[in-house]
Amino acid sequence: MNRKLRMGMIGGGKGAFIGAIHRMAATLDGAVELVCGALSQHPENALESGRALFLPQNRVYQSYQEMLERESQLPATERMDFVAIVTPNFAHFAPAMLALEKGFHVVLEKPMTFSLEEARQLKQKVEETGLLLLLTHTYAGYPMVKQVRQMVQAGELGKIRKVLVEYNQGWLSRLSEKEDNKQAAWRTDPARSGISGCMGDIGTHAAHLAEYISGLKITQVCAQLNTVVNGRALDDDGNVLLRFEENVTGVLTASQIAAGEENNLRIKIYGENGGLEWAQQEPNTLVVKWLDQPMQVLRAGGGSLSSYAQHNTRTPGGHPEGYIEAFANLYRNFALTLSALLEGTPASPEALDFPGVEEGVRGMAFIETVVASSNSQEKWTDFMA
Amino acid sequence: MNRKLRMGMIGGGKGAFIGAIHRMAATLDGAVELVCGALSQHPENALESGRALFLPQNRVYQSYQEMLERESQLPATERMDFVAIVTPNFAHFAPAMLALEKGFHVVLEKPMTFSLEEARQLKQKVEETGLLLLLTHTYAGYPMVKQVRQMVQAGELGKIRKVLVEYNQGWLSRLSEKEDNKQAAWRTDPARSGISGCMGDIGTHAAHLAEYISGLKITQVCAQLNTVVNGRALDDDGNVLLRFEENVTGVLTASQIAAGEENNLRIKIYGENGGLEWAQQEPNTLVVKWLDQPMQVLRAGGGSLSSYAQHNTRTPGGHPEGYIEAFANLYRNFALTLSALLEGTPASPEALDFPGVEEGVRGMAFIETVVASSNSQEKWTDFMA
Amino acid sequence: MNRKLRMGMIGGGKGAFIGAIHRMAATLDGAVELVCGALSQHPENALESGRALFLPQNRVYQSYQEMLERESQLPATERMDFVAIVTPNFAHFAPAMLALEKGFHVVLEKPMTFSLEEARQLKQKVEETGLLLLLTHTYAGYPMVKQVRQMVQAGELGKIRKVLVEYNQGWLSRLSEKEDNKQAAWRTDPARSGISGCMGDIGTHAAHLAEYISGLKITQVCAQLNTVVNGRALDDDGNVLLRFEENVTGVLTASQIAAGEENNLRIKIYGENGGLEWAQQEPNTLVVKWLDQPMQVLRAGGGSLSSYAQHNTRTPGGHPEGYIEAFANLYRNFALTLSALLEGTPASPEALDFPGVEEGVRGMAFIETVVASSNSQEKWTDFMA
Amino acid sequence: MNRKLRMGMIGGGKGAFIGAIHRMAATLDGAVELVCGALSQHPENALESGRALFLPQNRVYQSYQEMLERESQLPATERMDFVAIVTPNFAHFAPAMLALEKGFHVVLEKPMTFSLEEARQLKQKVEETGLLLLLTHTYAGYPMVKQVRQMVQAGELGKIRKVLVEYNQGWLSRLSEKEDNKQAAWRTDPARSGISGCMGDIGTHAAHLAEYISGLKITQVCAQLNTVVNGRALDDDGNVLLRFEENVTGVLTASQIAAGEENNLRIKIYGENGGLEWAQQEPNTLVVKWLDQPMQVLRAGGGSLSSYAQHNTRTPGGHPEGYIEAFANLYRNFALTLSALLEGTPASPEALDFPGVEEGVRGMAFIETVVASSNSQEKWTDFMA
């Protein structure tokens, strides 16, 4: 890379959770700097947040429209290269579309949009403009998830037979949206979150991971979504039988009322020769169970891992990396690809391996499919993408 | 107890797996002795097996009919008290019925019979005779499973919300039934195993455990059974959405083609206040995740456990017990109950807590229900019991 | 084996811990039966204990002298073959000597005697009589400990470099010997336990295991023994630097005041090519860390294990075995060896692999050496055996 | 903080390991920016490394002397605030002394100097100048290590009784210093590393951690250092008995020839009421074993943790943090303290909790003490600090 890339941010002002993660992730490797922001709809908060981030005052904007307009008029050597949109779901589409129209590359939180229809429009816009879009499916950034995918693709497990994914959280075990919990409030509000709560928020991560590691598309689902906590407006729990291409089956279970769980995403994939098991809460370890040989435990940083795992690691074995580093891997790959684009050079296959608009469309299709299935008496519902 | 109880065995000759387990389990606590057997259909094997077990020659029988007849004619101070039937599924019903008719108490391997219809007849016979029947759902014998059930019953988790159970094995990942593997041969043979393979063999354990720990009955299922290995006659894998009483939902997944897995039965149950997680392969540990307090790890042998857990433990904490001890707990409770019956004294609630004919009927109903559901296009199938 | 072996027991009456373990272990495999006992010094307790074990009244003795005398006069087809001595340390030597003199084989709890001098005399007697002696170093009975030893002996780790063993318990964290805890009372009493508490009770297990798995003898120690709890008469904690043959070094740490620990015995051994790690509380798992390859996890019951591991296993992988089974392995190997001796056939190498009088002498030497070292200002004290 | 702090770096050019870690750690929270560097002794490498870090060309210096001189002449609004020295041990003292003389605060890798004498001089200089010094004992930056220290200080364990620390690595299992491994080359070279290899490199971490979590000083040691790999010039392995203040004892074992180990630092501390156990490779988990209550597992990000643990955490429970975040905690606390100093405000107790020159002196004293002890025939050697 010839220079640091310049990032703007929409959302992520004081009190937001994910905005701070994006900033750490984006800048961890010293290849991206935050240069401007429309950090909040509230003028006071926007200003204060800009100051806390040491942004120059003239690049702290009061709205995303203002930011995109003003930045697009700055000289090429100064204006931001891309914008990270870290607002709630309902406020993804409009700024993303405008950013693309103004010529900015985009980083977007998941689920990508408010509806599948928006997602399809956004995909069309990305294709028209040729700009890059990174969708932050964080968990795909972990080195040992890369390792799983590479082992599957290399055929080490033989033909794939089964995928089991579960994502259990407990933080919505009570009606917290009525107790001044801002995260709970918007994520359980159909007007801000969309037609699904739990499946939209974390089921999409699980579904993406299942497709990513298996290399197979989900073709049909049989879903049961539940609203367990009385008074809640959206699903907070659900179980889904999955059918994939190539006769592979699976189960996806997700919950935000699994009391006592933190962020317990676990995935298992079985093939003819063995199975792989990965758990997000101990992400540097990958358990490999072989049919006819002793179990192995692969560890991040180890020398025998695939080039994709090694590319997404910063420290030697035994120096644990975590969530922020996984998130930073998405940004680093996006930045490497963007720099290559700007410099007219090819990006490496490892750098190109980040989730984008196609995964965003499938995520929205997953949401609409499981909601439809849950409302149906039919056993199987075709995946809508 | 005033004396040792006397056990006979049907099946379990040389080369059998589960017969040896039954014998160790039955005699571990010094309260039961093996006195006779019809150990094999093959006269040579029957004799040789009897010798290897140091049985007196006159109590090594050539058929279960002979054994039940001859034992019933022995004086009360000598004849066996109960018979353990450890044959393949198709050969459970007839000897069990005859044993009951001859006045013997019965220990029976699961699944209890070949069909739900047989199970119902057996249940009627048990009720008519007033004799005891132990169904060896081994996993219900572990002290930490007892602990889970007691914590749920005591309301420590609050209202139950979700049950997740998975039972993964890999030993049928290949077409082993065609490779001179006797276990594989009968368990995948509809004529000896029944209408289901994986669900009959291990799905029934998982279903029993789910009902046992939750104290709730399954009311509806949505099942997808798979025959993954080409050339196999029965299901070797399956996934089931569960509905329980009281609006509780769950998932049961079972597989015998999960390559690399040994005997990986795991269960999680969530209530309003927290969740419990237990894994058979590390059975002395119970993870308790609380909504608002630090996670706890309860350990078998610990002083704070329920009377049921303590009753089913032989060693202090840190001296691990395992599968044989869990199995022996079933036998010990059965033996304590039987002794109490013979002595005309009441058995303790802890002793009375062993699976019997009612659980056997529900197991057969589970098999017939999931097979029907898997063949149906309807989403939900009512549980048949 | 042509017949069951007949066992007598000295000690192990009502309320004793280890006697019950011995009985379960001895009889688990159906090859040994308890035929007589001198179960307590208290006549009432002796009788009651005999009844509870369903022993014939005429073989419930009031003293070990009576038992050894009377049994030796019974016909060969009836009298016990061997005696298990499960009394406190001070009461090991006399009954063991007498038993040997009367021609009985012996099973003895560790530490073998009260003093090194006694141990040497006992060894001489064993050698003179040609009788068998089993010393119940339980932890050497676990299949995965056998596996460690075999891998080391086969050179899989290359030259051994380091051995780390720790044995932490917390049950003596308070002055429990003053609170009517019988176990605590005798184990902390110099008159009944000997010159060391913690090192005698559990340090000997750790030292035995270190020598057993490495195949190397300890040559020098540098010990610091501590009496942490005020008012206690013997060490309840200690740390020891170890030197072994062949320039190998190590550390042994043992404690009975490690509050919160159950029975946490762990051992690690490193060679040029990798390291092995085993923990008694999860005994079916052996972690193998290789210098240049991924870590492996070997599991009891797995097909690739050594013949010694397989010989000492009863169940397939995933059906956990525990402390009682490990204990039973000692008895089974002793019984196989004894039967072979009685029948004039050779015992297999796997059967012959049980701890005996030689290990007993080394255990007593360990105790006397670490006590001497702890009292010395010299850095290194030669091992006394 | 009113502004970002400006950092310069000495060492850390292309190919260095720890320099990159320092840069990520320093800048992770957006409160520090790298403004200049004397990154290598080789002019070419220095320039290239500066370019790769996007430093302005006029602040890429050819020597640390040049950098310290030139930066000290820049206006206060522009010149660096502090310098991070990430060179091998022999090259810590001179630049650190000069930096302090020029008025710059200092971040220094451990061990702090080449000799105890240098360490004492450096301490005197720090005290004279009143400048800040951060010594990067990374492992003290983990939130769950903070938690251990706070629980001990709050008396939750009661009086402390024992500390066990082990630090096992395997990367020097071969004579890698002769195989073009730069890290191995300098770390095993007495001219660059000092009088100890393993104990200087990782033993110092273990000793620091033991004192940090217990709040107690080591008073005496009994050490055995080993040079296991033939041809090596310094110790690569060692075991140390420890005596602390207040009659506490312990063991420290460290190895770089523990083949197969990555970076396995583990610590246990026992008091009257229970024990705490932490392992660096799974750093977000803290096991709490209580004498009379069930074991607990505390998890980073949890709400019940001490203010020190929470202050050193960036993500909610279940979003794992790792080595880089722990390192960044050191920098963040140093930066908060430095900002407070520059702004004339008080720093919080949590911010003030980072290792400094005092810990650096003790680290050097540890090295000299264990080397002296290892060479002595005396059992105990007084700690030299």
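Letters A, B, C and D mark the chains in the order given here, with residues in each chain numbered from 1 onward.
Following the convention adopted for this analysis, a contact is a pair of C-beta atoms (placed from the backbone, for glycine too) under 8 Å apart; a residue touches a chain by one contact, two chains touch by 3 or more.
Chain-to-protein mapping (UniProt): A, B, C, D = Oxidoreductase.
Please read all numbers here as calculations on a predicted model, not as lab measurements.
In terms of the distance between Cα centroids, chain A (Oxidoreductase) is separated most widely from C.
Across the two interfaces under comparison, B-D and A-D, the one joined by more C-beta contacts turns out to be A-D.
Between the CA-based centres of chain B (Oxidoreductase) and chain D (Oxidoreductase) the separation comes to 55 Å, rounded to the whole angstrom.
Per-chain Cα centroids separate chain C (Oxidoreductase) from chain D (Oxidoreductase) by 43 Å.
In terms of their C-alpha centroids, the spacing between chain A (Oxidoreductase) and chain D (Oxidoreductase) amounts to 34 Å.
Listed for chain C (Oxidoreductase) are residues 261, 288, 295, 299, each touching two or more other chains. Against chain C (Oxidoreductase), the residues of chain B (Oxidoreductase) that register as touching in their complex are 3-4, 17, 20-21, 23-24, 27-30, 34, 53-54, 169, 261-264, 280-284, 299, 301, 314-325. Interface residues of chain A (Oxidoreductase), counted against chain C (Oxidoreductase) in their complex, comprise 288, 292-299, 302-304. Residues of chain D (Oxidoreductase) that touch chain C (Oxidoreductase) in their complex: 157, 161-162, 164, 166, 168, 170, 173-174, 222, 224, 226, 228, 237, 239, 241, 249-251, 253, 255, 257-261, 268, 270-275, 288-291, 295, 376-379.
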